Amino acid sequence: MNLQFPTIIVNFKTYLESTGRKGLDLAKQAERASKETGICIVVVPQFVDLMKIAETVEIPVFAQHIDPIKPGNCTGHILAESVKDAGAVGTLINHSERQLKLSDVDSVIALAHENGLISCVCANNPSVSAAVAAMRPDITSVEPPELIGSGISVSIAKPEIVTDTIKLVRKVDPKMTILCGAGISTAEDVAIALKLGTCGVLVASGVVKAKNPYSVLCSFAEATKK
Amino acid sequence: MNLQFPTIIVNFKTYLESTGRKGLDLAKQAERASKETGICIVVVPQFVDLMKIAETVEIPVFAQHIDPIKPGNCTGHILAESVKDAGAVGTLINHSERQLKLSDVDSVIALAHENGLISCVCANNPSVSAAVAAMRPDITSVEPPELIGSGISVSIAKPEIVTDTIKLVRKVDPKMTILCGAGISTAEDVAIALKLGTCGVLVASGVVKAKNPYSVLCSFAEATKK
Amino acid sequence: MNLQFPTIIVNFKTYLESTGRKGLDLAKQAERASKETGICIVVVPQFVDLMKIAETVEIPVFAQHIDPIKPGNCTGHILAESVKDAGAVGTLINHSERQLKLSDVDSVIALAHENGLISCVCANNPSVSAAVAAMRPDITSVEPPELIGSGISVSIAKPEIVTDTIKLVRKVDPKMTILCGAGISTAEDVAIALKLGTCGVLVASGVVKAKNPYSVLCSFAEATKK
Amino acid sequence: MNLQFPTIIVNFKTYLESTGRKGLDLAKQAERASKETGICIVVVPQFVDLMKIAETVEIPVFAQHIDPIKPGNCTGHILAESVKDAGAVGTLINHSERQLKLSDVDSVIALAHENGLISCVCANNPSVSAAVAAMRPDITSVEPPELIGSGISVSIAKPEIVTDTIKLVRKVDPKMTILCGAGISTAEDVAIALKLGTCGVLVASGVVKAKNPYSVLCSFAEATKK
């Protein structure tokens, strides 16, 4: 499966506002915003909510993480095959809240590929983004951890992180799809992220904790068109 | 919620034989075996399959693991609240394939308790079992890792691990519910585990990979009555 | 080797004030304070400084950590045999800044025992302390992490953590040697820790970062006599 | 400090044959072999042995690992400043037996640089080697873990891993110094590694467990001249 870009990826994390029935409702709002604006919106629910959400909405669903494992004796781990089977079309990898060893990032990109899952690998700065790009995932996303959940957008507070990432990643792989995230909470944050040269954004609390996620997502989606 | 003992806990691990539709089918066979024999059988599916299985069967469903986290910024982790919300009534903790730091075992037992989840903490030997018991989970289960998946039953190959566990755990907590697991694959393995003084068994490949899990589970359940 | 109690254990951590030549000097001050007061003072330097300090001072030297490994292919890890060979007579285990999986705490206690190293296992609260005691180390030390490095002494701010630890640990092992630590920075903090029923204290920044560690240690040592 | 190439890096790991007095003796043999052949030989002892070895021999000494930490509250960890202070001129990073999270590899390369330590980062395959190179260490070393300690040399059994690594790394950084390791145990293994285009080799058991490490090292050093 291929995503359509620009893309807005909504990470549900482990907020109570995006757990269970509330998570399903949030996914439906994302679907409605996507249909109305024509912009691709991806939802990234918690593992236990993934299957029901994937069965209910028609927009792409990603897992938050998969483990570097093969089927078998791996109690408590996340198997690529299971996530795919439950309806995910892609997965985040190495999110700053769920980091992997370097060699495991490489293994998990391969597992995602083998299972037909889009791989979106997160990095904390430009040089790590270049390292990620060297391992050929489908998407590289840069997110400075100090801004995650801050409400201060990377695209406005640290645009050089985004532009340096693009520069270093392009040297390694001129065609890599690059996203950015951290602190994105307004349509302007999104618009600037796109102007800096990214193909989209990762958002979380700015949407999940919004009073009206649907209208926030519509404004984000419209902002990608500017 | 309280379990009824003796209990057979079926850990689905990450076997393909217990993933997705096959996992749902396996849970149904466990339910049928439980109803027919009157013995409590708990199923422990993968995270992404948990909600659907909990919605479908009436026997108790456990999670394979929960993380020592609070709701919020924990991408890729397992939140007690989510697992509970999805229909789990308990959780394995510190399985030998998903071990935790000592202080996290304590934190996760508390999280399980706060969320009304039965805590079944695994230990690899008698002294670690005693350590677990000191942190007051609902259930302590001893499983020597070298026998896990071996087809050689702990109750037959290393009965002293079971009896030493019972002895050391009883000193710390005379009322602790104690299970054992590792390599259990025949009705006799189960019967002996109970005779050694446990309240039940943890099983995995012996059931998950059986040609007829239903009949295997019936034979295990009957063996607990002897 | 047996320690003499009461004992003051000085953890050098990775402070620059206790690195290299400064670490050696600090160890000499501890030795002088110990000789003058007659109270046992243990120094716990960084790994690279351990051998020289053990060769230079006559007071007991502990390692800050050992790994759950056997000799061989363990690049970058801490081998019990090496630490012993370098002159350590004991080791901290599971310090809150270097925590271990539950089963590894048990393995490392055994490794320390096999190598003739005194095992001092740290715990963050009373129930974890009881769990530690169940694995039979030589010493159990309780240190609430929120007070570590705070300058607010556990013995004064949270005496109930110390007394609850003593109560729970005694149930598991009536003869266990119990220490406490976290925020201890005055002679009074030490005196109260002893009055609460401990056999000594773990200190770090209160000594390492003091202008005159020697005189601070003398005052701590005298306080244990009250 | 700059190394002279070709270089042979001797990882002492945690073998008893390279612990304590035996480690010091091994380092002296390496020094003698280096002086006699004129080829740079680096020794990589265990942490507790590092200072004495660095004080005794005149060849370069590396640490086996450093942690992604700043001075302070990091009990049981390896501080770059301490390792430097003890006489190391460089460090292995991300050895397959001591792997780091991706972002920590980047942090530790920076710490090594700030402290004037040569950074030699290990990778398990060509794509991970390219990722490493993107983070600009001084040296990238490829070591397929399945051959480590096997006695079967990467340069002979899997030369394509070496040549693919060189190709992918050169794309990212045309000037990167590339080494290889795993299973190297004869002079021919070394000679072929150099012919494939590397600047040297990492060796361990082939030297540490040899009856006469000095003569083995001499033969390795001579082989680099062919």
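Going by the order they are written in, the chains are A, B, C and D; count residues from 1 in each one.
Keep in mind that, in the parts below, a contact is a pair of C-beta atoms (placed from the backbone, for glycine too) under 8 Å apart; a residue touches a chain by one contact, two chains touch by 3 or more.
Since this is a predicted model, take the numbers as computed values, not measurements.
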- Query: How many hops, at fewest, get you from chain A to chain C via touching chains?
  - Reply: 2
- If you tally C-beta contacts across B-C and across A-B, the winner is A-B
- Any idea what the CA-fit rotation angle from chain C to chain D is, to the nearest 5 degrees? 180
- Task: Since chain A and chain D are copies that touch, just let me know if over half of their interface numbering is common to both, same, or not, different.
- Result: same
- Would you indicate which option in A-D, B-C or A-B repeats the interface seen between C-D, with over half of the contact pairs matching by residue number? A-B
- Task: List the centre-to-centre spacing of chain A and chain B in whole Å, with centres computed as mean CA coordinates.
- Result: 34
- Item | chain B-chain C separation of Cα centroids, rounded to whole Å | 37
- Query: Which residues of chain A are in contact with two or more other chains?
  - Reply: 96
- Name the touching chain pairs, please: which are they? A-B, A-D, B-C, C-D
- Note on the structure: In the complex, chain C touches chain D at residues 11, 13-16, 19-21, 46-52, 64-65, 69, 71-79, 81-83, 85-86, 92, 95-98, 148-149, 204-205
- Query: Which residues, counting only chain C, touch chain B once they are in their complex?
  - Reply: 94, 96, 99-103, 105-106, 123-125, 127-128, 130-136, 168, 171-172
